[in-house]
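There are two complexes below, and they share chain A, which is joined by chain B in the first and by chain C in the second.
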Partner chain A sequence: MSDSAVSEVDTLPETAEPARPRRDPAKLVRTAAWLALLVVLLALPLYLDAAWLKAGQYMMIGAVGAIGLTLVVGQAGQLSLAHAFFLLAGGTAYTVLSGPTGDDRVIGFGLDPGLSLLGAVAVAALLGLAFAPVAGRLRGIYLGVASLALVFLGLYFGQSAEELTGGTSTGRTPAPFSLFGFPFTNDGPQLALLGVPIRAAERMWYLFLLLTVIAFVIARGAAGGRVGRSWRAVRDNEAAAAVMGVSVLRAKAGAFAVSSAYGGLAGAMTVLWFDILKPDESEFGTYGINVSIAFLAMVIIGGLGSVPGALVGALIVNGLPQVLALYSADLGWFSGTGDGALTPVLVSSFVYGAAIILVVLFEPGGLAAIGRRITQRRFRRQPPEEP
Partner chain B sequence: MNTFLQLVVNGLGKGAVFALLALGFVIIFKATEVVNFAHGSLVLFGGYLVVVTRDALGWVGASLVGIVSAGVLGLLVERLLLSRSRHADANSLALLTIGVDVMVTEEIVRRLGVTLPFLGGAWDAKPFQLGGITLFRTHLVALGVAAVLITAFWLAFKYSNWGVAMRAQAENREAAALMGIRSSRVTATAWLVAGLLAGVAVLFIATQDFSGAGLSRGTHSIALAAFPAAILGGLDSTAGAVVGGLVVGLVEALSAQYVSFDFSKSAVFLVMLVVLVVRPSGLFGTRERTRV
Partner chain C sequence: MKRTHLAAALAVVLTLAACSTKAGDSGSSGSDSSGVKTGKGVTATEVTLGVMTDKSGVFKNLGLGVTQGNELWAKDFNAAGGACGRQVKLEEVDHGYKADTAKTLYPQIEPKVLGFVQLLGSPVVAALKQNLATDKAVAAPASWSSELLDNPYVMIVGTTYDVEMIDGLAYLQEQGLIKDGDTIGHVYIDGEYGKNGLRGSQFYAKKHNLTVKEVKITSTDSDLTNVVTGLKGAGVKAIALTTTPAQTGSAVAANKALGLNVPVLGNNPTFDPALLKSPAAGALDKLTVVASSVPFSADLPKAKDVAAKYKAAYKETPNGGVPYGYAVGEVWGAVLKKACDNKDLTRDGIAAALKQTTSVSTDDLVAALDFSKPGTPATRQVYAATPDATAEGGVRYVKPLFEAPEAKEYVAPHQK
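After this line comes the complex of A and B, so read on.
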């Protein structure tokens, strides 16, 4: 049995279960910690201003995308460099589905934004599934490079399908998000919580937080259950998995589709965050190879296959440029401009490039393995039951 | 017909450069089973050293410095990073090279800033007419240089001690070690050779004839096309790398003319996808078999 990923993805204890005589204290503490984190995240908009909330939302985009990628790369063992493509697909699908009808420049279906978000996830998942015939036949590095092809196809699609994407020069604006008629903008009912007005930034924070929590819970469920076991079986040994009755092709295709759906959701969130869908002009951009690599960096740093690790990875890779930019405004860092200037994005690239190297050299399990070791040491007093 | 002929010659010229890059990938893969995602940054590094030294040394000297330094960087990556982590599997090491690639590329792009120097001093932008078709000197020189280098590599691979050691290690790492072949030396030279080839390739890529753009992030993106070249041919086949490189060059040149320039890059990857669906290990790659 694969050791590392399995112990990691233990499901949270069911509170409704009849109380057993001895419960694992580590699990209880872990559940409490997650709930505490959620409370903190729920309370943050009451303290942070809009710029910090915006930075936080960007980290959540990273978290959603990284969770999806860690499932396919870490759990199912399929290297994917195509994540940026699914971001573009999801973002485009949301914008097209929710876009106003009757625009003579771009196509729009005028659907409800909430429905469009679901549609974007579905479109991305279907595209991932469409890639299954390729993904099912290839392994390891071959698959990684084959998936890179999707990013290039996405680049061409973004440039040429101007009726959908708005083209590289202007792009197009997505419909502002609303759920059951409640707008996530400054319009609509004036809300306030403890004297703090809940406006666009706060509303988007709660929306993104909700999406991240849903993404997180589903991923934990998938990884901890039957599906995740089949993914890991395929990852560890395809032949053995097939002998055990796991349909290898289905497991691979499923993992790819799920990961693409996450990518699509992250893409729709990206479009909402930027408030514009603007396809790239080169391989380097919002939906370029650099983004695929950044997501891969989150997953490696967090620990391949670990869902909480993906969150921390997103915090580092997507959070660092945002936080540095916010601090630099106050502290006067990165004030240089022009040739050879250090920018927050550049510094973060160095940091995560170095982090990848360090993780592979010294801690292949990533931050998740470090975290696991700390918690295990903490609760070592009772000898763990060997199953 | 003339246009077509011209495209074929130019495509082959581009393909020769991709073949050099793809050959580097394949050499590293054969020796270590690691796919080197940092190949683009080796290309950039060699190019950057040419830019830095060419005022002092002249173009020829600077080019030599660039080629050697790309080789040395490859060697350093292997000695300082990869050889230190013997327990990591090949896939993790491939991820490690992504980290190297990000750092080296970002630093060089930062240093280049907005200057995008052209590097092909001796042959760039000197097209000439031959029997009614316009030929780019860069592409012809690239073809010649690649032919010489690939032949030299093939001879060394076939007859030299290094080549025998390398093939032995690719065949069976443990048996080769038991026969007294120094695995670390074979691996290190593989990286060195791959780096040198990348250093040669950049002299053709960052030209007006080849890409119309100087040394920049774009150079790195172009070097990425060596991926489909290597994969097309089969990652563990040196002949496949050469064929793959030529195919990529031709596909790019022809699709840029007959479909659209934007499409040409995607076309390369599309062809690779089609080949992979039909032959999952590339055209000449060894098929993986699973025995139960």
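After this line comes the complex of A and C, so read on.
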């Protein structure tokens, strides 16, 4: 899996000009760097405690969602604040599809969890497609506001469709994930890798890593290929894109559907991570406006349209509060209370707020642009024309 | 080339993994010289209890109060000799009322503790419910929904919102403020808290042929004037509230301003002494609050004792969380002593001891509690109180601990 994932990244269409005589050193270094990162991520469960793995999984949820959002906002130029709604849709779809049949309180189809995960992605994609007529007509801030309506729709449906979501008072428990009969819990075969028992936390880490790598590779492929070019063409100039034979409406609808599918996957990961699907009681919560804005923040910090940038954005926005909370519990930082006290949650809000302002003021291309400049200086050659 | 990279990387990983520090960690369990079985969170000299609280989020005042109550109890409990000769130590973490932070902090704190003396916040409790069951850790949530009782490791100190509401309506009827066949309004926050309160009024209404006008709101709504106007149009004889204190203020103010002037009944969390300094202060006389735990400055010997100790130890403004936190500690103390008598201080031992705990006395900080029937609220008794700016603590008791016959009949959602 890991090998093929990296080789796909390796052969990005823009960079793969036919039969270069000499190997491109920048490309090789980049490949090696991705590979090293993957190896490190694969090895982390052998060192990190369950709490850190849990935090890492939360960053991966953010990464999957942010990759989807960067495609639609950065590549296709459609501002979407509806991401939280697709998270809720995906989470609900997974829970309903995999839920046990014959429960008189909630509906369940009793499907295989792996199949349900695919189903959740499909349901979210279809919902995104259903929003396409709106997405096709509006642009800019108007689309942002229209898409925000979906979050409120989600709040309402989450509360009223109790047979699906379990309702706000109790929620419902999603079926634990298993793939081909292998459970991602403490049950099943007792595994150990180099003396480290591979239990729920470690298994979930590998599952989330696999999903993130798949999400990443597909997004890189889409952004680098024909689809991505049509998205960027529509983003930059709709008339010009239409002249060149790009169907503007189809490109827009496609981008929205793809991003929704990513949101759905992130949603299914969210319910698996929380071990519960519980619709929000107000517009702030696990599937609220705050989440939509957090995803937007990841995408802006990482650099609009950049897939690796979205990963770094997720690391900062979703990861920082978690890491600070873990550290502060360990080291007794920020132990003050009361109105003026600094707390991990507060500090990380400041950090990502400041990051957004700094990025917008000094580097609108985000961290991705900074990264590109560094590699460019090192190898003194034009980087591939990546958006 | 790529293959060499991979091979080299793998080799590095294998070498590193060979000296991984994580391997072979196992829970320490066994028994000490006096034959007491021990497990996670218990050493030869200490019993560690977890506190997952909110010191930085929306409920930081309550969280701080409950935590300080827990600390006061631990001090007293240790001074009295502790459990099985072991001193109680509290391991505190702050989740800022965020379920995701709590979910991450839980695996960090879980291996260190025997159980949780505090778990604040309904989203946090919901997210950790599965973990508590898997790890068999007994926890006292600072949330009083009877829906939580399907988990045998959840220990609710006090009665639940639904029972509070039934007792409260019975009190109103006893006072002649409502009668069979009346219409009453119930304003509730859609969620664990509000829906549980609504269950109570629905049950009571069925018994007494009342019509309940239900109004669902969200916790962020601030102005309830339109809601009360609607209830006035429906001809309600009383209004039940399962809301936030700010919403209570808005509802009682509208009740007065619109000339409706019907009695208002609120669950324990609907009232905050701060309301007495708000613009709604003049309209609070119609409000009756039902609760199973006492406010900070209740006129009880034990509450006065706790208040005095609090003033000696802390300088923050106290709230109702302090006596509650102390009372939860007392319950934990009773359970620890029982487990100690059984010579089993493991998590299984605590769960078993909890089920054997039939009458914990907290010296009236909370009504007497019986944890022997899983799924059933530990008590069905409440106090009825009314706001009074002249009384210390902001409320005056109008009826001491009582249990309505309807509350006795009521079957909680997970009652067997």
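As a convention for this text, the second predicted complex is superposed on the first by the 352 of 387 C-alpha atoms of A that agree within 3 Å, B and C clash if a C-alpha of one lies under 4 Å from a C-alpha of the other, contacts with A are read in each partner's own complex, and residues count from 1 in each chain.
Everything below uses one rule, namely that contacts are C-beta pairs under 8 Å (C-beta built on N, C-alpha and C of every residue); 3 or more make two chains touch, one makes a residue touch a chain.
A quick note: this is a predicted structure, and the numbers were derived from the prediction, not measured.
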item: Contacts of A:Ala329 with chain B and chain C, given as first, second, both or neither; value: second
item: Which superposed partner A:Thr31 touches (first chain B, second chain C, both, neither); value: second
item: First (chain B), second (chain C), both or neither touched by A:Gly65; value: neither
item: Partner chain(s) touched by A:Gly303 [first = chain B, second = chain C, both, neither]; value: neither
item: First (chain B), second (chain C), both or neither touched by A:Phe284; value: both
item: Partner chain in contact with A:Arg137 - chain B first, chain C second, else both or neither; value: first
item: Touching partner for A:Gly267 - first (chain B), second (chain C), both, neither; value: neither
item: First (chain B), second (chain C), both or neither touched by A:Gln159; value: both
item: Chain B versus chain C as contact partner of A:Leu194, first or second or both or neither; value: second
item: In the superposition, chain B vs chain C on chain A residues touched; value: C
item: Chain B and chain C footprints on chain A, overlapping residues; value: 159, 282-284, 338, 341, 346
item: List of chain A residues in touch with chain C within their complex; value: 3, 6-7, 10, 23, 28, 31-32, 35-36, 39, 42-43, 46-51, 53-55, 58, 159, 167-171, 173, 186, 193-196, 201, 273-276, 278, 281-286, 321-322, 325-326, 328-330, 334-335, 337-338, 341, 343-346
item: In the complex with chain A, residue positions of chain B that touch it; value: 35, 81, 84-85, 88, 91-96, 98-103, 106-107, 110-111, 113-115, 217-218, 221, 224, 227-228, 231, 235, 260, 262-263, 265-266, 268-270, 272-273, 276-277, 280-282, 288, 290-292
item: Interfacial residue positions of chain A with respect to chain B in the complex; value: 79, 133-134, 137-142, 144-146, 148-149, 152-153, 155-156, 159-160, 238-239, 243, 282-284, 289, 293, 296-297, 300, 338-342, 346, 349-350, 352-357, 360-361, 364
item: In the complex, chain C residues that touch chain A; value: 1-2, 5-6, 9-10, 12-14, 16-18, 20-24, 55-57, 60, 64, 93-96, 98-101, 103-109, 123, 126-127, 129-131, 134, 145, 147, 189-192, 194-196, 218-220, 316
